[in-house]
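Here come two complexes built around subunit A, the first alongside subunit B, the second alongside subunit C.
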Partner chain A sequence: MFARAMWLILRKDLTVEVRSGEVAYTTLFFAVSCVLIFAFALVRDGRAPEDGAAGLLWIAIAFAGTLALGRTFERERQSETLRALLMAPTARPAVYLGKLLGIVALLAGVEVILVPLVALLFNANALLEHPAWLAAILIAGTVGFAAVGTLFAAMLIRARSRDVLLPVLLYPVIVPVMIAAVRGTAVLLQPEVDTQVAWFWLALLATFDVVFVTLALWTFEPVMTD
Partner chain B sequence: MTSAAAADDFDHVAVDDVSRHFGRRRAVSRVSFTARQGTILGLLGPNGAGKSTMLAMLATLLRPTAGAIRFGTLDPRAHGAALRGRIGVLGHDLFLYPELTAHENLTFFAALYQRPDASGVATRALTRAGLADRADDPVSSFSRGMRQRVALERALIHGPRLALLDEPFTGLDDASTASLVGRLRELRDVGTIVILATHDLELAEGLIDEAVFLREGRIASTMTRPEGLRSAYRDVMGHR
Partner chain C sequence: MPKWFQPAAIVCALMFAATPIVIANAPFESTMGLVFKIFFYHMPSAWMFLLGGILCGIASLRYLINGAARHDRTAFAAAELTVLFGLLTLVTGPLWARKAWGTWWVWDVRVTASLVSWMIAVAYLILRRYGGPGSEKLAAGLALFGMANVPFIYVSVNYWRTIHPATSVVPTLPVSMGGPLWFCVASFLMLFILLFTMRVRLEEQRARLDAVYLSLDE
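Right after this comes the complex of A and B.
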């Protein structure tokens, strides 16, 4: 039942999003605006700062992700549907994983548009030359970000200043994930990709993912019950 | 005995000296009562009396700071998921997704509660609610009364042993109110334990079998087969 509950929640989130488009459109608009502003500010005579594309890509993902987390849980708060999910006769971590996968799927959709845009505006075509590496780093980084973000957004659902508190709590914790993700992406921008270094950053991201998801699964039930 | 099978067997809910504090504020203080199957127990009191907090603890959404709630012989800490499968909650808010249709909402919750043929269960529930012709309309297009009817069916979609209802008459017109009262009596007749939090004494009169009056988080009085609820309420609550 655990996997089925997770799937039901994920499918429900995607159906709601396809129907309203609210979070996807606002997140995408915000991410694209972010990239455009940095491109106008940093790209001079067609030359972008070295490795700037990697940093910029992850700044846009983190900011857009924070917006998506806030809006997704605001939707669950408005009709108190998160309470209804917590009342379901399944282990509560299944609710967490269902929500986490929904956020990851949403951010993956945003990244599909964001990556070519960053590559184009920052002369970073090298990003697109290693799609498997890039996909692995994007997925691992996004899972790490969303693992912590989903837990914090759920915890803050009843806090009055949740919109302010979410980034304040989230960003210090995900700094290691962001550093690993940026460094891993920067490796792909080099003329010759050093696969050993890429593996190192990817393994580090995977380790963070395992640690953060495990901690979140462990703490979700007590945190949401009290 | 499996946890799920055991959860089927509880025939009463005992609240034993339960308190719940939020920081220094005591929302519920040393409350005890027992709700038995086939009865409707009313938690009566003004706003802020602790009714919703009490329901949240009964729904296993909050843990008591002190005291214990037992479902038959079962402790919610040991049988959480199985117990939740036997509890239905209708809250202040309706627990419905406005972007989804009525049928999609009920199908989602029926599947989450592991009902076989979730779609068929949802269709039958909507027919019972008198909303079969609006099954494919998004809930956001419904009136408050229609949403409340869908929400009630959502709360009862899994045939719960314990039904918890928080101010269920809010925003209902006369016809919807009469329909809800009828539904609550049906639940009582099939042996469901119904706990109803309300400050609407006129509707509670003649419907509830036991009354627990709450004031500032404490039990002010209890009555069995209550009659003359309004005057009893005035006596218990003073000038309120």
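Right after this comes the complex of A and C.
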């Protein structure tokens, strides 16, 4: 029942996305524009700052992710469907998890395009040399970001000035995710990848994911009740 | 206001008036010199900052569990004091660091963790101020996440080597230094309690006034 509700919400979000492409296209275009702006700002004479690619990749993910979070829930608000979702005779945490997976899937799609672009513009071909490590760090980091982001975006749906408030609340809380994700990615840029350090950051990200998803599952219920 | 409030406020004012004298008479720290005196304000405000954060987190958790408005008022008052004492900590810290470490700002564990926690407290107040009706619950959720976040901030920032003096420095200080320090801690704690009482009471009065308006409308 729980898994089914979760799956239905995820499928619904993906179907809407596949048909309209609204959030996917805007988010992707925004992320690409972000990377370009940073490339203009930081790359001089074809030389990118050291570890710049790692930081930039995650800045773009965080910015684009904020946009995506805001838009997905704005859609639910405009058509009053979030109320319907919450009124459905299903466990609230299932709604949260379905939404979370939708955001993660969307951001994963954006990352697939973002990573080669960053590697190209910031001379960071090393980024593509360890696909398994990179994928693990990307997924762990994205889940951590989206776990907090989904809860906050859902909470803010009824608040005034929610567009401004989302990044204001979200960014301070995801500082550890950003540090771990950026440092973990930077490890992969080194000529000799220090797997021990990479493991440390990956483990930190995974712990963060577990703690914050659990906490969000618990908080979602009282916070979404009027 | 409770009966003890006025006398306590007078005592607190007198204590704060006396702190400059007490600090001036504290022994001179030879390695850091005069700048060490900032420590007498820096550490107590950092402790009150921490106390405010813990109070806010616990009250928010209780508010989320049983929804009693009393806990929400406590959390709000504590969050405001967290921002206030956090600001004092973050201003006095760099003043000291400039002299002691030769730089205004270092990305050391405790400095960074304090800054991020302070930002979460500020975000809490922003949400309360601009979130509109219903933002109490959201703010409580934010406080809970902020509290759970602290260990992660610590571990992640710890990657950069720390140069902040360890906590163990305090008990090892000579008694002549510890006396004035504890005096300052007591003064700050008293100020914290007074402001906290005042703030909670203000929120209670507000809630009462709202209830009166509501009953008039009916």
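A few comments on the model shown:
Note that the second predicted complex is superposed on the first by the 226 of 226 C-alpha atoms of A that agree within 3 Å, B and C clash if a C-alpha of one lies under 4 Å from a C-alpha of the other, contacts with A are read in each partner's own complex, and residues count from 1 in each chain.
Here is the rule we use: a contact is a pair of C-beta atoms (placed from the backbone, for glycine too) under 8 Å apart; a residue touches a chain by one contact, two chains touch by 3 or more.
Here the structure is a predicted model, which means the values were calculated and not measured.
In the overlay built on the shared chain, the residue A:Ala3 is in contact with neither subunit B nor subunit C.
In the superposed model, A:Val210 lies in contact with neither subunit B nor subunit C. Legend: residue contacts after superposition of the two complexes on their common chain; A:Leu36 is shown touching neither subunit B nor subunit C. Contacts of A:Ile113 after superposition: neither subunit B nor subunit C is touched.
Once chain A of one complex is fitted onto chain A of the other, the partner contacts of A:Arg19 are limited to subunit B, with no touch recorded for subunit C.
Shared-chain residue A:Ala180: touches subunit C; no touch with subunit B.
On subunit A, the patch touched by subunit B and the patch touched by subunit C overlap at residues 226. Taken in their complex, subunit C has these residues touching subunit A: 64-65, 67, 116, 119-120, 123, 126-127, 130-132, 134-135, 137-138, 140-142, 144-146, 148-149, 152-153, 155-157, 159.
Residue ranges of subunit A in contact with subunit B, taken from their complex: 1, 4-5, 8-9, 12, 15-16, 19-20, 78-81, 83-91, 225-226. Note for the complex: subunit B touches subunit A at residues 4, 59-63, 81-87, 89, 91-100, 104, 108-109, 111-114, 138, 154, 158.
Every residue of subunit A that touches subunit C in the complex is listed here, in rising order: 148, 151-152, 155-156, 158-161, 164-165, 168-169, 172-173, 175-176, 179-180, 183, 204, 207-208, 211-212, 215, 219, 222-223, 226.
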